[in-house]
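These notes open a run of structures that come right after.
Next come two complexes built around chain A: one with chain B, the other with chain C.
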Partner chain A sequence: MVDIIIKNGFVIDPLNNVKGELMDVGIRNEKIVDPSEVRDPGSIVIDAGGRLVLAGGIDIHSHIAGPKVNIGRLMRPEDHYLTNIPSKLPFRRAMTGRTVPNVFAIGYKYALMGYTLVAEPACTPLKMRHAHDELNAIPIIDKMVFVLVDSNWLALDLMSEKQKDMLKTYLAWLLYSTKAYALKLVDPGSDAAWMMGRPSLDLNDQVPGYNLTPRDIIQLTGEANEALNLPHSIHVHCNRLGFPGNYITTLNTMKLGKDFALRNRNSIHITHVQFTGYGGDSWATLESGGEAIANELNVNPYVTLDLGQVTFGEATTMTADAPFEFVLYHLTRWKWASADVENETASGIVPYRYRKRSYVNTVQWAIGLEVLLLSKDLWRVFITTDHPNAGVFTDYPKIYAWIMSRRYREETLKEVNQSALRRCVLPSIDRELTLYELAIITRSAPAKLLGLEKEKGHLGIGASADIAIYDIDPRAVDLSRDYERILKTFSRAWCVIKGGEIVVKDGEIVQTIYGRTYSVDPYTAIPDDLRREFEVYLKDRFRQYYTVSLNNFIIRGHEIKKLNEIRLKSWK
Partner chain B sequence: MSQEKASIYAKLKAKPSVPIDLRSLKPDRVAGLKSSDIKNIKIMEGGRETVVEEIFEVESPAALPQNPENIEIIISGDGASKIRYLGYKMNGGRIVVEGNIGPLAGYKMSRGSIVIKGSAGNWLGARMKGGSIEVFGDAGSFIGAKLPGEKFSKGMKDGTITIHGSAGSYIGLGMGGGTIIVEKSAGNMVGGYMAGGLIIVQGDCGDFIGARMSGGRIIAVGRVGGILPSFYIDSVVGEVRARGRIFKKPFALFVGDVLTPGRGTIAVSLEENKTVLQPLLKLIEEVKVP
Partner chain C sequence: MPLKFRLITGRTIEQGRSMEAEGKFSDGYRKAVALAEMNPKDVEILGIRNNAKIVSVYGSVVVGVKPNSDVPPGLVFIPMGPWANVLTLPATEGTGMPTLKNIDVHVEPTSEDPTPLSAILELYGVEKISHRPTERPLAIGSRRVVNDVPCPFCGEVCDFLTVELEGEKITRILNACPIGHAKIMNYHKHRVLTPMIKHEVNGDFIEVDLEQALNRAAEILATAKYPLIYGLSNTCVEAIELAVELAEITRGVIDNTTTLCHGPTVMAVQEVGAVKITLGMAMNLADTMVFWGCNPMSAHINHIRRVVIPEGKFVKGRKERKIIVVDVRRSETAKLADIFIQVEPGKDYELFTALRMALRDYDIEAPNVAGVPREKIYELVDIMRTARFGVIFFGMGLTQGGAKHKNLEEVIKLVQELNEWSKWTLLPMRGHYNVTGSNHAMLWLTGYPYGVEFSRGFPKMIPGVTTTIDLLMNSEVDAALIIASDPVAHFPQKAVENLMKLPKIVIDPFWSLTAGVADVLIPSGVTGIECEGTVYRLDDVALKVKKLVDPPKDVLCDTDILSRLISKVKKLKRLA
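Right after this comes the complex of A and B.
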């Protein structure tokens, strides 16, 4: 691997408190080193000429792999028509698809935008092998996958029996044996209810068949998450998602974070908050709950959230929240896929189109932006579209433009449904984010949220050499006026370096490499006696519940192309 | 500007062994070009990018008129049935194929005409928006259709497809407008998911005619495989006329498909379908079976 030196870059690096300075960046062996070390005449010199240099972007929530994505591809052939971009071998493989692109398109399009780490936020344990196979095939970016635990019978048993240590051990074992990175809760308890033919649950409803409420599930999983010292907090998709008036449930869920916080950091991540930020009591009276959620975020230091921002246009909703997809199908009446996974979860997929003229879609669009623009601490709020649920990830530059340019917001405000705007505070917000703040919410803060701030999300010495250079000189352009420039610049990076290799040059992919898959192993740290007790318990229960054998369930390290397993040490 | 007609002759040099994507060789694309430019238009041979000259012997005037309406492209040679996407999004002019052509000819075309002297493949005129296609041989399935997965009204919107031979199944699937005329027989599912437009089949039809149609009109001049129970009989008429064609014999008119719920009509010839229609005709009182 040849050394690289980037000269004269305009560097913004919030984790190292660099607010925009002309600097050199040196790269050796996949890491960032002191530029003075890179002097060898054989090294590659990139003259950035004052262009913007950022760490590689990090997306904490984007559905890029697993059975839902693949069924989305199967049920939406029309999503792929006329989108084929033939390969350019040996540099780039063929790309196809819009909302559910093929694996190559996912890796390349993220890389083209300057993203180098993406988290697939929900996969059920039994389907994890498939998810890893797909992740293995996604080029360039680093990736990780979160494991679904909210309606898992094994977990629910331990929760209702209040066997807290066994629950922690089970969750630790589950993360280790599925090579996952974090715990995900989707509409806690609702799939367990759904599989018995019951409607979805609110925070304090009883989960049928168990002596539990969704509140207990969140509380117990959160406690386990903190006790295991997992790098990411629990990742929660709130109850009553997609129902008018659900912002109350979201506020109550956010408040739970305080009850199980053990560490000096946030303890609960609320995902795609737009879908759970609805006021009003029916679709006709829908209002934005964005302001209330932003206010709670501002006073509650235990919570982080991401937007699930609507970007208007074609989308494919896919979620383990099966009851919600059932409702959505009956609103759209076109196509619906639904699946149950034995004693683990259920899911649904429904194509959807967000329209600017629609009252409901306009409110949805406003909620995401309101939450972001009204929050005081940008280290705790993240941009996502919950790809491909609220929009595709390639629309991120649009979101950047909406938050950085009031002028662009006003252009869009003219085009959307006007009566919906009367129910939103967005038109009265003046705030415009700076490039520094953008670097926080797309680079530094996500790295911190995932507990990877040592190696990702910054350009300090020792960090991974994941760097995006954009063709823009921030000193020469006023981005708030020239929003077209934001859209253009961030859609195609000028140069992207991933793991010390140049992968994008002038907005074109020049090389296909494969990134790492991050996972955690909290299981090894658990005391031996507890592990022995647990393994006896597990063998018995597993045989009762599953149609596969325990040996075939566990995913081994060699099944993953480039595994980066983080072994956790402490256990409380 | 010259009003002269210009003809481009493109003859396959050899029988192709892989599909050839010829979407960029169309009158509105070549209008105003020099003959050397035409030879260098990029096309796909299988998964490989190449130029027209590599695959075809091209004969054309030195400079082409600006107006595509004055341009005609004539494609000939052995193995033209490997050519796909001929006249893709075509917007004027004329393309003539001396032999057979492959799938997706006239896909999304909006103006101009395509004449195929041999047979056509599947998806002929799929999602067509206007213009005309004439086939002297037979045609495959999914003529004037939508593509799989698309919404029901996304098929052909306008224009005319005339097939002098027979056609396969799924003719006019999800069609929203325009006309399809099949002079011989057609396969199953004629006008399935149809939302508008007209289909005339002068020969026999297969099963499930008009299944899930919500609008439009189908005329079955020959035998039909059957009438779905979700259609109800409306009346019997002495003759049927459409697009200048007059069929002077009695037809039974059906309305459906009530599952959609739809207001499409199917005219089915009485003589050829006596056994199928006999029990249904009892449902209308004044009818006299000829």
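Right after this comes the complex of A and C.
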């Protein structure tokens, strides 16, 4: 690998407190080094000429791989018909698809926007091998996948039997044996109900067949997550998602974080909060709960949020929240796919289109932006579209423009449903984010949230050489006025370096390489006697609930193209 | 005037077993598939003694006749294979799926002997077929027992087999069904072990080294304008991914065997979605199971002991489950059923529509729909909407004839609507052990599950145009790479005829009929026995199949062969 030096970059790097300075960045062997170390005459010199240099972007929640995504591709051929980009061999493979793109379009388009790490936020354990097959096939970016645990009979058994140590051990084993990175809860407990043909649950409802409530499930999983010292907190998709009035449930879920926090950091991540930020009591009276959620976020240090921002246009909703998708199918009456997985969870997929003139869609759009713009601590709020649920990830530049330019917001406010705006505070918000703040919410904070701030999300010495250079000199442009520039600049990076290799040049993909998959292994650290007891227990239950053999369920390290397994040491 | 009948083709245990154990050139296979099952009354009326001549618009064939009272009068059942395919219809009606069921045929008694395979191949335009089966040498070594072996035969991928070996010789297999047992036990027989190239003048195979064979194959693919890559359901996902890359490089077409099995199901899912489950959901929760147009007792034999019989978390075994079978004949599965509903061939669509009407409490005016009395339909709908958890398993009976993809749209809609009353799901009974995986891999790489072409550099799927049978019927492709599949045995006659006109590269561990007519024949290791890889069960659960023994000397796995082929084609196309 040839050394690289980036000269004269306008660097913004919040983790290292660099707020915009002309600097050089040196790269050797996939890492960032002191620029003075790069002296070899054979090194590549990139003259950034004052262009903006950021660490590679990180997306903490985007459905890019696994069974749901592939069923989405299957049932939406119309999504691919008009979105073809022919291959440019041997540099680039063919791309297709918009809301459910093929693996190449995913990897390339993220790289073109300057993103270098993306988390697939939900896969059921039994189909995790499928998720890894797809992650293996996605070029360029680093990736990770979260494992679904909230409706898992094995976990629910242990919870209702109050076997806390065994529960921790099981969750640790699950992360290890599926090569996943974090624990995901989706509409906690509701799939356990759905699998038996029952309606979804609110926080204090009883899970059918168990003496448990979704509140217990969140509490117990959160405790285990903190005790296992996992790098990410529990990642929660709240109960009642998609129903008017659900922001109360969300506020109550956010408050739970305090009860199981063990570490000096946030303990609960509430995902795509837009979908669970609805006031009102019906679709007709729907109103934004964005302000209430932002207020809770501002006083509750245990919580982090991501938006699930609506960007208008075509979407494919896909979630493990199977009961909600069944409801949505009845609202749209077009196509509906669902898949239930033994012992574990279920899922649903429904195509959807967000329209500016729609009352409901406008409220949804406003909620996301309100939450972000009213948040005081930008280290705890993240941009996502819950791709492809509320919008596609390629729309991120639009979100940047909405939050950085009041002028662009006003343009959009003119086009959306006006009566909906009366139920939202968005029109009265003046705040505009700076580039430095954008760097926080798209780079530094996500790295920290995932516990990867040592190597990701910054440009300090020793960090991974994942770098995006954008064709803009921030000293010369006023982005607040010139929002077109935001849309253009962040859609196509000028140059992207991934793992020390140049992958994007002048907004074009120049080579196809493959990144790493991050996973955690909290299991090895668990005391031997507890593991032995657990394995005996597991063997027996596993045979009862599953139609696969335990041995064939476990995913081995060699099945993953480039595995970066983080072995955790402590156990409380 | 000979009497008019309807022909149904399909799998039987003996067809599968003899094919896996003895190979398609064997007497056993001929006896198993050159055979028509007919109702004894029909046999008597026609005065058939041993053999009958069966004629369709596409050809005629003489087969043995076996009276079987499970076959209703007016129906002829012939197991899938070259004999049946003399009669099947290649027209896909824009669906990619030829008509392999419900074909109008005439039957007459004859004293002629059953048509020999050679005569059928001649009919297909095969000038010369070679067959040099070799047994792979088996190093005898110490005794080993391997547990949790996933079976590389059907879509069930039973992963609870125990295989005992002495060195490379398999001595005992536990928990496998007869077909899986036959495949694994006989993995060393009927093997292609040396690469071969067909002599251009006399048509004999010449043994060559792998490098030569790969060079010739690369040349064919690199010079072809529109090559077809077909098969892929009997290999691992890793190999399928490489095959897609090869199609992209050569700007050809890639298609898998879905095109001939659940292609119409996939098309229906594209239109309306699906309501799927994994097998364990049925095992743990289903109190009502419908088998519609599928016959797991012959094709997915362990399905019954995995899903129907066992005690699950919420259902205490077979006694708490209601089993309903809907089929055109009283299949082996039908004999296990609590309720058997005999539907007229090709009329499933009408029956689904009637069920949907009944579900909405509409009156059905006709006293009979698709041969089923109206009262029976009301009764069936009542059972369905009062079930706690229902599942419909369905098979080729719905895809290979009648309304094809429209059947599937109806059954999916029926299940979607049933969910307003109760919990209902469905699951296609997929055939090959990795046909599901080939759909998945093609989906994530191209956005489409089968029949994908790259002529303009990007993927595109148009059923009825970019699907294999149509491409062959329209003579659009100019070379073929067949990976782990036997189209000569399983395509309708006219499609095989056109395939014969193309240069053919065949990658296969075994001597199939297609291997016998290859221009370049490259042996490969048997996935799941000699090669590791990922495969997808019929319910989309991915499993790693095992390497139990090393491949034979100088024989590579599909993944290695395809990687080498890709780098050679790239070089020729100046893409390296």
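Keep this in mind: the second predicted complex is superposed on the first by the 572 of 572 C-alpha atoms of A that agree within 3 Å, B and C clash if a C-alpha of one lies under 4 Å from a C-alpha of the other, contacts with A are read in each partner's own complex, and residues count from 1 in each chain.
Rule of thumb we're sticking to: a residue touches a chain if its C-beta (ideal position, glycine included) is under 8 Å from a C-beta of that chain, and two chains touch if they have at least 3 such contacts.
Please read these numbers as outputs of a predicted model, since none were measured by experiment.
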{"item": "Partner chain(s) touched by A:T96 [first = chain B, second = chain C, both, neither]", "value": "second"}
{"item": "Partner chain in contact with A:G289 - chain B first, chain C second, else both or neither", "value": "neither"}
{"item": "Chain B versus chain C as contact partner of A:I85, first or second or both or neither", "value": "second"}
{"item": "Partner chain in contact with A:G189 - chain B first, chain C second, else both or neither", "value": "neither"}
{"item": "First (chain B), second (chain C), both or neither touched by A:M75", "value": "both"}
{"item": "Chain touching more of chain A, residue-wise (chain B, chain C)", "value": "C"}
{"item": "Contacts of A:G56 with chain B and chain C, given as first, second, both or neither", "value": "neither"}
{"item": "Contacts of A:A137 with chain B and chain C, given as first, second, both or neither", "value": "second"}
{"item": "Which superposed partner A:W153 touches (first chain B, second chain C, both, neither)", "value": "second"}
{"item": "Touching both chain B and chain C, residues of chain A", "value": "75-77, 79, 86-87, 94, 335"}
{"item": "Chain A residues within the chain B interface of the complex", "value": "75-79, 81, 86-87, 94, 334-335"}
{"item": "Sites on chain C touched by chain A in the complex", "value": "147-148, 150, 159-160, 237, 241, 245, 248-249, 266, 269-281, 283-285, 306-307, 313-314, 388-389, 416, 419, 422-423, 425, 439-441, 443-449, 454, 456-461, 534, 536, 540-544, 570, 575-576"}
{"item": "Residues on chain B engaged by chain A in the complex (per definition of touch)", "value": "44, 47, 49, 147-151"}
{"item": "Touching residues (chain side chain A, partner chain C) in the complex", "value": "65, 67, 69-71, 73-77, 79-80, 84-87, 89-90, 93-97, 100-104, 126-127, 129-130, 133-134, 137, 153, 195-197, 326, 329, 335-343, 349-350, 544-549, 551-552, 556, 559"}
